[in-house]
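One structure, as structure tokens, below. Some questions next.
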Amino acid sequence: MKIAVINGSSRENGNTDALTQKALDGIPFTSFYLKNYKINPIDDQRHDEGGFVKVDDDYEVLIRQILQHDVLIFATPVYWYGMSGVMKNFVDRFSQSLRDETLNFKKAMSEKKAYVITVGGDYPRIKGLPLIQQFQYIFDFLGTEFVGYLIGEANAPHEILSDSKSLGDALSFNTALLKHTDK
Amino acid sequence: MKIAVINGSSRENGNTDALTQKALDGIPFTSFYLKNYKINPIDDQRHDEGGFVKVDDDYEVLIRQILQHDVLIFATPVYWYGMSGVMKNFVDRFSQSLRDETLNFKKAMSEKKAYVITVGGDYPRIKGLPLIQQFQYIFDFLGTEFVGYLIGEANAPHEILSDSKSLGDALSFNTALLKHTDK
Amino acid sequence: MKIAVINGSSRENGNTDALTQKALDGIPFTSFYLKNYKINPIDDQRHDEGGFVKVDDDYEVLIRQILQHDVLIFATPVYWYGMSGVMKNFVDRFSQSLRDETLNFKKAMSEKKAYVITVGGDYPRIKGLPLIQQFQYIFDFLGTEFVGYLIGEANAPHEILSDSKSLGDALSFNTALLKHTDK
Amino acid sequence: MKIAVINGSSRENGNTDALTQKALDGIPFTSFYLKNYKINPIDDQRHDEGGFVKVDDDYEVLIRQILQHDVLIFATPVYWYGMSGVMKNFVDRFSQSLRDETLNFKKAMSEKKAYVITVGGDYPRIKGLPLIQQFQYIFDFLGTEFVGYLIGEANAPHEILSDSKSLGDALSFNTALLKHTDK
């Protein structure tokens, strides 16, 4: 099973990264840092004659790479109680992929498993729940199996590594992921 | 009372626009179409020495204009069960404003009233609820009064104008807004 | 179309009643006040040999009456951010109906349309949303179409009748319901 | 620190019990099985002259016992995407306690810490989230600190003990609780 981590942080080596590393300890994966790609906001042309116009950015190459994987892990800090804007722009572009006949996007996504890893500073295990529900609706729409999620709590850099609850949950996540991807 | 509509659509004259017009019928307001401004994603420098670096885009000028208003109406299509990426990038930048000592952002926001207007195509009155809850947490953090929201249902362009439930709710929203801003 | 209102209030003539009357103005319906029936809490015997034992209360007669209707309106005050305990006990007993072969409960429910009307005193249009989502999962499980909901705000008796937002929304609800049941 | 487990199951030795035992391994606590007490539904007399009438059941004695504890763990199966009706009737009666001047209920509750443990069979880590949010609003209202929650997945009796994810999370919960109550 090939695992892709889609990372929506604006910083590398932040808490989301650190928790993701813990959660994936001993498991091979490939990271895609969205901030290192040029991804334009969606221009909603679903109802335009001619449909979506080709966009001159990195999205299409990126999504084709990501679709080579079996398991997608969406890793994002909780920014203002949602996924980061960078990740939201990425997800919004799925609308374009849905209409790209060469991609077969929905079928491809329906065969994948998804996880969410998120870290927030303001009571994320409660205030991050709408974000989890939002992902649920996204995966439901695509037919992607939403296998699990991990919510960490941290603010200052590296703080996550001293939060025993986050680390304990990461270990539980790691065990379940190992078991799941071992098949 | 001065009303600003912060519009996160990627299209003008779409359903979100149409519903917003209905909801604000007879009430003066100023629109800000986020897509017409250059707004970079947040670069999280909260913990960097020196803090946030000045960003060369339109955000700062825009937020200062918006803060001149008493009532903020966030109008966004439901994209993938959340606000549009364009609006999310705008909101993410609030983190920067919070650290801009010349703005007094949190105090300013705590004196405003906020509304949300959103239109979705996939069962938005249920699947849009995490978005409403996300806004609730945003406004709670800022101390902004979240007075109300309006959820419309539509897909194809102009469809909203034939959805009697959306129009009925817009009328109820309009009456409440009029009463509220009349003081 | 036959409409049943399943009322979970502990008081008659309370705000939930008043809002329901407004919402159903001009539309024939039958009320069932749960508090007037003896409904025991579920005794989870799903996994017992022999399954559920017949319970000596009013639930079974009541559910058979309710199932004679095409549209079910669950009307409950928001008590502690959920449906009333009386209504929860009623809903919990659905587990028993699911196993009653003479009822064909799930099929019957899958052919019905459902609405929720609820009134709360503590910011119900936000803090009542988990209750709406809970109903969504209930109806999803049963295959019942969750057509719409109405949230009113009131505390003291009869207060709902002076809340213009609740009344405006009730009117919009009424129009949509009329249109819907007119077919 | 004295810990009370308020158990809303209709069965003893069910999955909720088993997970609670795991989560509390090595930690002293006192269980209160709500099903073993007579707890009437609330009769909303908040607005009656004279207020609430004394109810002839076990609630008042029970709540006084529970209030002797510092940490309250609400343990309930997920029934129809909410707490059990038995637990809901118990919580609904808080309205009465709030008006009992001899109890000082809100102050007492504001000094306590609360946890939720819940087990469901239908995708509870997603579909149980409205229940967690409902508890958040309950504890927010009372000023009770909502320290954490644990969601287990199981259906048939004893199934929880073979769900490695639930057990891993219970271990993480246990460690955090130990650390927290050790002070």
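Every chain is named by a letter (A, B, C and D) in the order it is written, and numbering of its residues begins at 1.
Just so it is clear, a residue touches a chain if its C-beta (ideal position, glycine included) is under 8 Å from a C-beta of that chain, and two chains touch if they have at least 3 such contacts.
This structure is a prediction, so every number in the text was calculated from the model and none was measured.
**Q** Can you list every chain that touches subunit A and also touches subunit B?
**A** Chains in contact with subunit A as well as subunit B: not a single one.
**Q** Name the chain whose C-alpha centroid is farthest from the C-alpha centroid of subunit C.
**A** The most distant chain relative to subunit C turns out to be A.
**Q** Centroid of subunit C to centroid of subunit D, CA atoms only: how many Å?
**A** 24
**Q** Determine the centre-to-centre distance between subunit A and subunit C, using the mean Cα coordinates as centres, and give it in whole Å.
**A** Comparing mean C-alpha positions, subunit C is 37 Å from subunit A.
**Q** If you average the CA atoms of subunit B and of subunit C, how many Å lie between those two points?
**A** The computed centroid separation for subunit B versus subunit C comes out at 33 Å.
**Q** Mind pulling the residue numbers of subunit C that touch at least two other chains?
**A** As it turns out, subunit C has residues touching two or more other chains at 129, 133.
**Q** Draw the chains as points, connect those that touch, then say whether the picture is a line, ring, star, complete or other.
**A** ring
**Q** Could you please specify the touching residues of subunit D with respect to subunit A in the complex?
**A** Touching subunit A: residues 125-126, 129, 132-133, 136, 146, 148-149, 164-165, 168-169, 171-173, 175-176, 179 of subunit D.
**Q** Going by the contact rule set out above, which residues of subunit C touch subunit D in the complex?
**A** Touching subunit D from subunit C are residues 9-11, 14, 35, 41-44, 47, 77, 79-86, 88-92, 94-95, 122, 127, 129-131, 133-134, 137-138, 141, 156-157.
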